[in-house]
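Each of the two complexes below includes chain A, the first together with chain B, the second together with chain C.
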Partner chain A sequence: MIYLRCFWGVVWRELLRFVQQRGRFVAALVRPLVWLIVFAAGFRMALGVAISPPYQTYILYEVYIIPGLIGMVQLFNGMQSSLSMVYDREMGSMRVLLVSPLPRGFLLVAKLVAGTLVSIVQVYAFLLIASLYGIRLPTNGFLMILPALFLTGLMVGSLGLLLSSFIKQLENFAGVMNFVIFPMFFLSSALYPIWRLREASPLIARVAELNPFTHAVEMIRFALYSQFNWEATGIVVATSAVLLALAILGYNPARGMMARKTATQE
Partner chain B sequence: MAGPVDDPRSVCAEGHRPAPAALEIAGLSFSYSGRPVLDGIGLAIARGEFVVLLGPNGAGKTTLFSLVTRLYDRRVGSIAIDGHDVRSEPRAALARLGVVFQQPTLDLDLTVGQNLAYHAALHGMPGRLANERIAEKLDRVGMAGRLRDRVRTLSGGQRRRVEIARALIHAPRLLLLDEPTVGLDIRSRRDLVTHVHRLAAEDGVAVLWATHLIDEVHDGDTVVVLDRGRIKAHGSVAAVTAEARVASIAAAFEALTGMAA
Partner chain C sequence: MPEPRTLIAAVTAAFVVAPPALAEKIFISNEVDNTLSVIDGETLEVIDTIEVSRRPRAMALSNDGTMLFVAAGDDGVLDVIDVETHQVTASLASGPDPEVIRVDPNRPYIYISNEDDNIVTVLDYEARTRVTEIPVGVEPEGIAVSPDGAWVVSTTETSNFAHFINTETMQIEHNILVDARPRHAEFTKDGAQVWVSSEIGATVSVIDMDEFEIIHTIIFDVPGVPREAVQAVGVELTSDGRYGFVALGPSNRIAVVDQGSFEVLDYLLVGQRPWHLALSRDETRLFTTNGVSGDVTMIDVERLEPVRSIPVGRFPWGVIVVD
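So, the complex of A and B:
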C-alpha cells in the first residue's frame, strides 16, 4: 500500500509537470509531424517501399515511417526526462526523491514508468493528428501497440536513466543527444527498411540490425498490424533489463557515482 | 575536542534503554579521490537540541549532509538516526529524517499543496493523513493561506518556509538544513532563523543547521565548528567561546578557522 501510494505520487507529479509544460508537449508533437508532413511527402516519390512483413500491400512512405516516428517521440521523451533528471539533480529535487525511505530501485522504476506514461500520451496525440492528416492505420492497431509502447518507453527511459547517472552537467548532455539520439534514430529501420539500407551500405545495415531501437520500431510496426514480433520484443525486453539494472547500479549509494558528482561541487 | 560519543549498543548491553540520540555519528571519514573531505567526525545530537554546524565554504558540510541522507555511503564510520543505522536500516533511518537542501527543490509550476502532497506520497502517507499534516505544517510556518498558490508566485523566504513545512510532514525526529538562508534578504533570513528555533523548542525536533553565517547562532544553541573536514570545537556557545579564550562566538570562529566570520 505504501509502495502504491508512493508510486502514484511519482506518476501524478510527472503528469502534472507534463500538463504544466505545454511547450514541451507542443515540441514533442511538432517534431514527428514535421518529419511526417514535410520529409515523408518529399520522399514519397523517391522511395518505393516493396511489400515486406507486416505489410500485405504496397504502402505509402508516410505509412512506413509512422512506427519510426512513434519511436522518435518516445526516444526524445526518454532522453528529455533524463535530461530533466540531470537538471533535477542540479536543482536538488532528485535528492528529494532519493531521501524517500522506500528502496532506491523502486523509486527509480516509479520515475521510469511515470516518464513512459507521459510518452504514451504523446504518442496517441501524435497518432490522432496523423489520422486527421489522412494517414490510414488499422483501427485495432491503436490498442495493439499499447504494450509495445510501454516496453519501448521503458527501454529508452532506462537508457536515459543510465546516462543521467553518470553525466555530471547539463552541458555534457547536449553531446549525448548528438551521440545517442541521432545515431539511434538514423541508424535504425525508422526511416528506411533494413533491406534498403543494405543496398546502400551493408555496414550501415549491420549496425541498424544491432541497434536495439530498430527492434523497438519493428515491435511497434508489427503490433500496429496486430502481429507479434517475438525476436524484436525479446531483444527490447532484454535490452531494457540490462539498461535498467545498470542504471540502478549507477544510482546505488555504495557505488559512489553520486559522490563523484557531488563532492566536486563543493 | 569533539563531544563524547556514547556507543548506543554498550548502553543497551547494560540494560538501560534511554531514548536514542536523534543523530549519532561516530568515526566518520570520507575521502574523494584520495583527498580527505571528512576526517574522523563524531557528533551526537539529543532530541530537541538545536545544533549549528558552522564552517566556511568547503569545510565539508554538504558532504556530511549527503552522507547522513544516504545520497551516497562509501565511507568509514557509522551514522544512526534516532537509533537506526543509515546503512543497515536505511528505510527506518530515512523515515525519521527531514531535509531542507541548499538548492531550492520545489516544482515552481506546481502549487504549494501539490508539492507537499508529492512529498507525502514519497513517504507513503495515506491521503487523509497527508492532507491533515499539510494543513497543520503550513499553518505552523505561517503559510496556511497559500495552499493553492503556485510556488512561482512565492518569495524566496516563503519558498523556504514551504520547504521546511515539507520536511516536517512525516514528523521526523531530526531536521537537517543545509545553509537554508542562502539567497534570502536580511529580514527573511532573521525571520527564518527565529522560526526554526521556535519549531525546535516547541516540537522537540532535533535540528542540525549548517551555515557559515555566525549571526544565525542563538545563545542557547550547541555549536559545532567544522573546518577542512575536522571538528574544531563542539559545545554550547559559552563553552566554545571560553575554550577559545575570546569574547564572542564570532571571534571563536575566526580563531578556530582562521577566517573572518
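So, the complex of A and C:
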C-alpha cells in the first residue's frame, strides 16, 4: 500500500510539473512538428520512399519519419526528466524523496514510469497534430503503439537516469545532450532507412544498426502497422534492463557514482 | 494461444456462412519479359507466369469471358489465352505493331490500333478473318468502344486527334482535337461521355457523346513534383459515376477525380511510372501497373488508399481483371 502511495506521489509530482511547465510541453511538440513540416517538406522525396518492411507499398517521406519523430519526443523527454533529477539534487528536493524508507530502486522506477507517462501524453498530442496536418496513419496503429511507447520511454528514461547519476551540475548536462541525444537521433533509422544510410556510408549504417534507439524506432514503426518486431523489441527490453540496473547502481549511496563522487570531493 | 483476431475470425466463420471467395484473377502484361503475370485476387500473390509473344501490351477479353487476347507488338500477333488453363491456344495475325485492343460488345470483333501503319484493324476472332482496316491519324494508340457498341474512339499520338468511328459504317464521322499525345480513351458506363487522356498535355479531355465536343478539360498538378513528370495515361471510371482514376506516369501518382464535378480530389502515391489501371469486378479495388518499379499497386477504392504493391515482371504495361 505504501508502495502504491509513494508511486502515485512520484507520478503525480511529475505530471504536475509537466502541466505547470507549459513551455516544456510546447517545446516538446514544436520540435518534432518543425521536423515534420519544415524538414520533411523540403526533403519530401515526392516520388515516394521504396518499400521496406513493415510498409507494403510506397510511402511519402513525411509518413516514413513519423516513428522517428515519436522516438525523438520520447528521447528528449527522457533526457529532460533526468535533467529534473539533477535540478532536484541541486535544489535539495531530492533529499526529501531519498529519505523515504522505500528501496531506492523502487523510487527510481517510479520516477521512470512517471517520465514515460508524460512522454506518452506528448506523443499522442504530436500524433493528433500530425493527423490534422494530413498525415495518414493506420487507425489501429494509434492503440497498437502504446506498449512500444512504454518500452521506449523506459529505455530512454533509464539512459537519462544513468547519465544523471554521473552529472553533478546542470551545466554539465548540456554537453551530454549534445553528445548523447544528437548522435542517438541522427545515427539511427529515424530520419533515413538503414539501406539509404548504407548507400552513403556502410560505417554509419553499421553504427545505426548497433544504436538501440534505431531498434526503438523500428519497434514503434512496426507497431504502428500492427506488426510485432521481435528483434527490435528484444533489444529494447534488454537495453532498458541493463541501463536501469546501472542507473540503480549509480544511485546506490554505498557503491554508486554518487558515493565515488562524494568521496573524491572529500 | 491463437491471436485474438484469428480467434474472432474462427468463431465468426463457425456461425456465419462464409461469403464466396474472390475468384478473381488479375492478368498483367510484362512488356520487356514477354510474359503475363497472373495474380490471385484473394491472396494477391503471383500464381502463374505465362510465356507469350514478344512485347505484350494491351489485353482484352472475348465476350464470353473465356479467351484473353494479348497484343504482342514485336511479333505482330494477338495471342489467345485460355483464362482457365493459362495456355496460349492460338496467335492471330493483327497487322504490324498492335498496341491497344478492345472487343466489340455485340460482335466477335477486336479493334486494334496498328501504331506503325496509322490504321485501326478490325478482326473477327471467331472467323479469324480481317473485317476491315480504317485509316486514322499518325500513331494510333488509345481505343475505346462505347457500351452500346455504336462508336469506337481511336486516339492518335502524333496527330492529337480523337477519331470517332461509326461501327455500322466503319467510317470516321467526327474528329476532335485534344491535348498533346493522347494515350487512352475510356467511356463512362452510361456512354454519355468519353474521357481522353493526353500524356504530354497532362490533361484529360471529357467529350460529350451527344454534341461530340469537349465539355471539360481536367488539369493535373501534383504538389512537389516537376510539371514534366506529370503525364496522363491510363483512365478507369467507376460504374456508379463516382470516381475517375487517372494514372499520371513518372509522377508516381494516381489522380482521383470526381466524375460529376471533374474536380481532382486526391493524388495517391503508387510505384514508379504507373501506366494502366483496372478495377476489380465489384469495384472495391483498383490495380495499377507500375512500369519502372516492376510492380502492381492495389488501391482500396472506398478509403482511397494504396494498400499493397506486388512485384511482377519487368515493365508491366496492361492489367485486366478476370472472374
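Criterion: the second predicted complex is superposed on the first by the 253 of 266 C-alpha atoms of A that agree within 3 Å, B and C clash if a C-alpha of one lies under 4 Å from a C-alpha of the other, contacts with A are read in each partner's own complex, and residues count from 1 in each chain.
Here is the rule we use: a residue touches a chain if its C-beta (ideal position, glycine included) is under 8 Å from a C-beta of that chain, and two chains touch if they have at least 3 such contacts.
Computed from a prediction, not measured in an experiment: that's the story for all the values here.
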Touched partner set for A:R5, first chain B, second chain C, both or neither: first
Partner chain in contact with A:V176 - chain B first, chain C second, else both or neither: neither
First (chain B), second (chain C), both or neither touched by A:Y58: second
First (chain B), second (chain C), both or neither touched by A:V121: neither
First (chain B), second (chain C), both or neither touched by A:V237: neither
Partner chain(s) touched by A:Q20 [first = chain B, second = chain C, both, neither]: first
Partner chain in contact with A:V99 - chain B first, chain C second, else both or neither: first
Partner touching more residues of chain A, whether chain B or chain C: B
On chain A, positions contacted by chain B and by chain C: none
Parts of chain B lying in touch with chain A, wherever the complex brings them together: 30, 32, 37, 57-58, 60, 62-63, 66, 69-74, 90-95, 97, 99, 101-107, 109-110, 114, 117-127
Chain A residues touching chain B - in the complex, by the definition given at the top: 1-3, 5-6, 8-10, 12-13, 16-17, 20-21, 90-93, 95-103, 107, 253-260, 262-266
Complex contact set, residues of chain A against chain C: 44, 46-48, 51, 56-60, 136
Residue ranges of chain C in contact with chain A within the complex: 222-225, 229, 251-252, 269-272, 293, 297-298, 305-309
